[in-house]
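Naming follows writing order (A, B, C, D, E and F), and every chain is counted from residue 1.
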Amino acid sequence: MSFLFGGKPQLSSEQKIAQAEAEIDMMSDMYARLISSCSKKCIDTSYREADLNKGESVCLDRCVSKFFEVNLKVSEKMQGEAQARGGGGGGMFGA
Amino acid sequence: MSFLFGGKPQLSSEQKIAQAEAEIDMMSDMYARLISSCSKKCIDTSYREADLNKGESVCLDRCVSKFFEVNLKVSEKMQGEAQARGGGGGGMFGA
Amino acid sequence: MSFLFGGKPQLSSEQKIAQAEAEIDMMSDMYARLISSCSKKCIDTSYREADLNKGESVCLDRCVSKFFEVNLKVSEKMQGEAQARGGGGGGMFGA
Amino acid sequence: MDSLTQAEQRELQNRMEKKQMKEFMNMYSNLVQQCFNDCVNGFESKSLTSREESCVMRCVDKRMKGSERLGTRFQEQNAAMAQSGTLPGR
Amino acid sequence: MDSLTQAEQRELQNRMEKKQMKEFMNMYSNLVQQCFNDCVNGFESKSLTSREESCVMRCVDKRMKGSERLGTRFQEQNAAMAQSGTLPGR
Amino acid sequence: MDSLTQAEQRELQNRMEKKQMKEFMNMYSNLVQQCFNDCVNGFESKSLTSREESCVMRCVDKRMKGSERLGTRFQEQNAAMAQSGTLPGR
């Protein structure tokens, strides 16, 4: 999920750490959102059983896959628009 | 949205910065809530078109206006109550 | 709500403060969630009256009680599992 | 928490004060958003109708009373648990 | 806020820059989650259907336009309030 | 991230540990709230009914298994993306 961070040259040590920190924060935010969305879409809240049944398990697996695909599509779209607008790389969504 | 902050006299430099920071945080929190509420109330989630249609656009404009009005009413109400309770100004909602 | 924090011996001053801070943060997070859940379950959102009626008041009281009980059950369950898995105390849910 | 020295308690106090300000602001903007969501549903005009406005006023009243009541009960339960020693992890 | 010295304003600027990055990332992941929630409802396969994919694309477009419009109106209202002095607490 | 020196990695590690504690606590209270919301709907008494209690127990079980499964898949996908170089912005 580290797609927001272009290859900016010559960062100070503090900046490098802060960037790595931001990447991890972004990842764990995405993870929390995925847990929330996929649980809501796949888990039967009557909780008749304590185990995930077959349908729920398959749904969760596919949900992760689709969530990543949406993330990828959105990031590609925004990169495309940023490039169309801004020209050169190095920016937020610059490749 | 800076209505929480009375005119406290004689702040240290750090306190002044912290207060300005708090005002900005408050503003951007309100902004995030406005985006969430007005998008939910006005945007058709079937996404049949990529553009905002006329109805959605008008709804969003009015939504901002009403959101601000609610904010104003609530803050006036709370100031009134704070004054009725506490007497003099200078407090949280003091004018 | 300080059940996450075992009795770790010999902490530095900074660690002790940080732990106390974490306990308070946990508590105020739980409090915010309780406000959100119990308001949603008990308060009639047509707001026909400005006061809590009898039914709402009783519901709120019982809601707090049940929320604490759920919290207790969940924490006991997780402690039990942590012990079954890890053996000795001192860990996250260690007694 | 009771094993903190006085100096440590002061430092903790300091850190908490900033958070309290933040929590209060959060409580406030949450109240605005909730009452907006619950009371404002028509967008035929750019001003609140009188019906919406009085709904918002009652909403603020009722929710604040609710939060106060919940806060009192929360503290009572916490105190009871601390006393009976049912706090797990201790 | 206008009473800050230049040095204080620089320090404030500094702190804000970190937050802006964070807010942008939050805006981004919120967009992903919203469009996922609104457009993806079938789990018969592990890839997006073309219907879901185009829904996501329109969702991103529409929501970004919506946020832009809301942002403009928000600033206008703020400016109007600041001018008319109806900002309470001032 | 791989271009950090060892000292930088240690500092990063340090900062992450505080966050992990916070995330764990957040995961925990989220679990309590979700299972409360899903399982407790009657307020005729101040204690959980046995039906509610067993619902909460199954809810905790099922949700934790769900999160575990999602976590595994999340890491697999991340690893796959890193390898195939489809990580945009790189």
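Keep in mind that, in the parts below, contacts are C-beta pairs under 8 Å (C-beta built on N, C-alpha and C of every residue); 3 or more make two chains touch, one makes a residue touch a chain.
Just so you know, these numbers come straight off a predicted model, no measurement behind them.
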Labels of chains that are neighbours to subunit D and to subunit E: B
Partner chains that subunit B and subunit C have in common: D
Selected pair, out of C-F, B-D or A-F, that shares over half of its residue contact pairs with B-E: A-F
Most widely separated chain from subunit E, with each centre as the mean of CA atoms: C
Farthest chain relative to subunit D (centres taken as mean CA coordinates): A
Inter-chain centre distance, subunit A versus subunit E - centres from mean C-alpha coordinates, in Å: 17
Interchain centroid distance [CA atoms averaged], subunit E/subunit F, Å: 25
Cα-centroid distance, subunit C relative to subunit E, in whole angstrom: 31
Where subunit F touches two or more other chains, by residue: 39, 57
Where subunit A touches two or more other chains at once, by residue number: 4, 25, 42, 61, 63, 65
Chain-level touch network, classified as line, ring, star, complete or other: ring
Cyclic chain order when read starting with subunit B and heading to subunit D: B, D, C, F, A, E
List of subunit B residues in touch with subunit D within their complex: 4, 18, 22, 25-26, 29-30, 33, 36-37, 40-42, 58-59, 61-63, 65-67, 69-71, 73-74, 77-78, 92
Residues of subunit C that touch subunit D when the two form their complex: 1-7, 13, 16-17, 20-21, 23-25, 27-28, 31-32, 34-35, 38-39, 42-43, 45, 47-52, 56-57, 60-61, 63-65, 68, 72, 75-76, 79, 93-95
Of all residues in subunit F, those that touch subunit C in their complex: 18, 21-22, 24-26, 28-33, 35-37, 39-41, 43-48, 52-53, 56-57, 60
Contacting residues of subunit F [partner subunit A, same complex]: 1, 3-5, 7-8, 11-12, 15-16, 19, 23, 38-39, 55, 57-59, 61-63, 65-67, 69-71, 73-74, 77-78, 81, 86-90
